[in-house]
Amino acid sequence: MSIRVGEAASAPDFPVAAKKLVSNAQIRQNVRRATDVIRNKRARVVAEVDDWEQLRDAGHEIKEHVLRHLDFYLQQFEAACTRAGGVVHWASDADEANRIIVDLVRAHEATEVIKVKTMTSDEISLNRALQAAGVTPYETDLADLIVQLGDDQPSHIVVPALHRNRMEIRRIFSEKMNLPDLGYRPEDLTEAARAYLREKFLRVPVAISGANFAIAETGAVCVVESEGNARMCLSLPRVLITLVGIEKIIPKFRDLEVFLQLLPRSATGERMNPYNSIWTGVSPAGGPREFHVVLLDNGRTNVLADDVSRETLDCIRCGACLNACPVYRQTGGHAYGSVYAGPIGAILTPQLQAMQHSQTLPYASSLCGACYEVCPVKINIPEILIHLRGRIVEENHAPLVEKLAMKAAAFALESPERLSLAQKFARIAQFPFTHDGVIRHLPGMLAGWTSVRDLAPIPKQSFRQWWAQRQREPRL
Amino acid sequence: MVGATPERAAPLIMSVKQDIIDRIRNATGGSSITNETEYESINRHYRQVGVLDPAARVELFADRLADYGSPVYRCAESEIAPTVAGILTERAKTGLLVPRDLPRVWLPEGFYFFRESPDYHELDSSEGVLTDCALAIASTGTIVLRHAPGEASRALSLIPDYHLCIVFPAQIVETVPEGIRQMSAFATLPITTISGPSATSDIEMTRIKGVHGPRTLEVILVT
Amino acid sequence: MHISLFITCYNDTLFPQTGRAVVAVLERLGHTVEFRQGQTCCGQMHYNTGYQAEAMPLMRRFLEVFRDDETICIPSSSCVAMIRDHYPKMAAVSGDPAVTRAVEKLLPRIFEFSELLVDKLGVTDVGAFFPHSVTLHPSCHSLRSLHLGDKPERLLKQVRGLTLIDLPEADECCGFGGTFAIKNVEVSAAMLSDKLRCVLGTRAEICTAADNSCLMHIAGALSRQRTGIRCLHLAEILASTEAGEVS
């Protein structure tokens, strides 16, 4: 099986990637400004909702229920979608999904496709497979267009071009759309994108999309968007192919009442996003004549298999955790080496790959808990991070030096006598590093601390020594 | 219905599906036959109905549209045609596209009202579209379109740059759950929900309106 | 009241003055403090880093040492969070019903220092005098696990001579995160620089918190940059009187 999460398997370790990005002032400014804006918008619209906690609870319970019965709901979806004139395909991994989609496109002799934003297609590297087969994919979401024309990688779930400012975008559009006199106001850039893409919307016969929700009861698919490009791609072409991760299933149509409240407020800080499209199979009233759903596993069953971290699959891809995360704020998404970045990326990416890759991601967190506070479906991300760290250690992927140090520390902490001895030893060992009452350099693993911080030396007397002494001296 | 897969590939496809189902069952501990009870026991303590009276609901809806920058025109049902005429004159438009089954009595004399065309370029070069809606949700300022034969198609309500929509007060519910409940009645039709004009915040988080969908959305709120 | 003190391994080793301050405050309020020499560590560092097996014996020792104490004071939000949030899970993993029972019995008896003062002892004025300007870093565990709310603030506001200055962006993590500070030096430093900017902007003389872990990290940068600003644990401010600071 070839499970792939973009290029995550060969991405640099998080600390290495982060180091470069932390030194990039432009990225840090862009990321900070963007996350500040969305954080504030989200906070405002969530504060308006007096049943927000109850919605979160319901969202969590609905998702947990679906995951427990995923086999049932997937098959219910397949039956309903097929009855409505859709064709349902199953793909175990990235390669299979790509093959199915490429074959479908080829069967219609299409050399171009228009695409709606779907991270799932980045996950399986669909564009590369299409191009290898001689098919040109056009991204139609503005941010994905920016990323595609800029030969770049997305850096955020909801705002993928967050790492680009207007001058950079103007340069990319001007070059790639051949618009030498293009202005640099956001309005100018949007106008250029509108014209460039409209021509394709009205002409290209095959579209590929993802899905936010797939409804088991009715076989419907729901796509949530702001720009209108999804509406274009979902209703104008003759053939529509929709790639759906198996965790996107929700049980019934009525469950949209929960998720269509949680998602827009969490993702873009709006009461409701501009457009939602819901469709079931093929319609006699217009739209695509042919509709295919590709249900994708690609490691989701790995995540399902761990009952502590299974709730990772509750995720509705709102991006609120990224915006809240103080680590993401300093690096942006590229540090995670995965299409899924931030807190959700740190737990999803390694699990999809059965913990074989991206093992530094669960450590890319200070466990501050801000993500859990904002997650609309109450995924306990900090708890899952700790659990995954446990799996990494248990499955023998921890660095040897660290393992030895942790075992030595555990040994020392197991009894007060050993602890006292370790304290004595540390007091002696620190001596060469202590100058004028402060430690500015430490060796080995601890050098990381002193590279940016001083350390006060260990006091001559520990608390327990002070207490023992006090007990011996009679008190007046 | 078009199927794209030849007969002899069927066993292979069955096995991929079966593999996935098997992996799911192994992961979650066996298959479940009935889970309706568990589904019904999901706690839904969120608000399921609104609290506003009809007049307040209408005002809330109008407020939300104003937030989006969508002009709202109010008129009595008998005044719809002249109101449309007034708007078209003000916008210097000679006419609009309409879905087949839109009530003729709403269309004023002196303007062209064309039925929609399957040709996307004709839609693109039109002056705009006039539709009604299936329902509206006040708390989010949402208009819901259903796309049954005879009603506005998805292309019709999408490609033209101008959309004028007629909403009746009886069609307005307060909350999203009430809206979804009404939508369940036509859950298998294509459905589009519209909450303000299309927008992006992808360029430095600056909200720009009107990327691909109609850049102007105006509403006639019947009183 | 008879109060048993869990000093925490890192306070014991690196910040004994915080322990001395806790003792001073509680005795000044008329209570007796017990320190059980058998104590070592709650296991947080190991547990959070993925060495959950190594944390298990540390939990067992904790449960044993504090088995008979009615009121346990812990001057460290993160250690209290470890016990409240994770001991029940660890007990379940141990599969030992005696451990599960012991944890259940333990949880109502542990108190972070400001919780002890405000909730259990019902005091906010502990008779302290500290004529300095102070800003308070809430710390993630205080905020999101313990939900301490305004307890530390209420205690500080009763300190005579103290000027409390609000810290901007207070609920942003300082970047310590335990082993995170070593495993992700660059990001930890970047987060710290943001926190420092906020602390410096208040122009306060002292930065305080209910956790020496955060303070060790913040103080490390305050010292490295020769800012002349120092960090003191909340207990050390509350222990301070006209006679001087407890050291």
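In this document, chain identifiers A, B and C correspond to the written order of the chains, with residue numbering beginning at 1 in each.
Here, a contact is a pair of C-beta atoms (placed from the backbone, for glycine too) under 8 Å apart; a residue touches a chain by one contact, two chains touch by 3 or more.
Every value quoted in this text rests on a predicted model; they were computed, and no experiment measured them.
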**Q.** Chain pair, most C-beta pairs within the contact cut-off
**A.** A-B
Q) Which chain, with its centre taken as the mean C-alpha position, is closest to the global C-alpha centre? A) A
Q.
Please tell me the distance, in whole Å, between the geometric centres of subunit A and subunit B computed from their C-alpha atoms.
A. 29
Q) Between subunit A and subunit C, what's the gap in Å when you average each chain's C-alpha atoms? A) 33
Q: State, to the nearest whole Å, the distance from the C-alpha centre of subunit B to the C-alpha centre of subunit C.
A: 53
Q.
Under the definition above, what is the set of subunit C residues touching subunit A in their complex?
A. 7, 9, 11-14, 16-17, 19-20, 35, 37-41, 43, 45-55, 57-58, 61, 85-86, 140, 143-145, 171-173, 175-192, 194, 216-217, 219-221, 223-224
Q. Quick one: in the complex, what on subunit B touches subunit A?
A. 1-5, 13, 16-17, 19-21, 23-28, 31-33, 35, 38-39, 42-47, 64, 120-121, 124, 137, 139-142, 147-151, 153-155, 158-159, 176-177, 179-181, 183-184, 187-206, 208, 210-213
Q. Tell me, which parts of subunit A touch subunit C in their complex?
A. 14-15, 18-19, 22-23, 28, 326-327, 330-331, 362-370, 372-373, 383, 386, 388-394, 398, 402, 406-407, 409-410, 413-416, 419, 423, 426, 438, 440, 445-446, 448-449, 451-456, 458-459, 461-468
**Q.** Residues of subunit A that touch subunit B when the two form their complex
**A.** 30, 33-34, 37-38, 50-51, 54-55, 57-58, 61-62, 65, 67-72, 74-75, 84-85, 87, 89-92, 96, 103-104, 107, 140-143, 146, 159-162, 165-166, 169, 186-187, 189-190, 193-194, 197-198, 201-202, 218-220, 226-229, 231-232, 234-236, 246, 251-254, 256-258, 260-261, 268, 270-287, 289-290, 292, 295, 297, 301, 304-305, 310
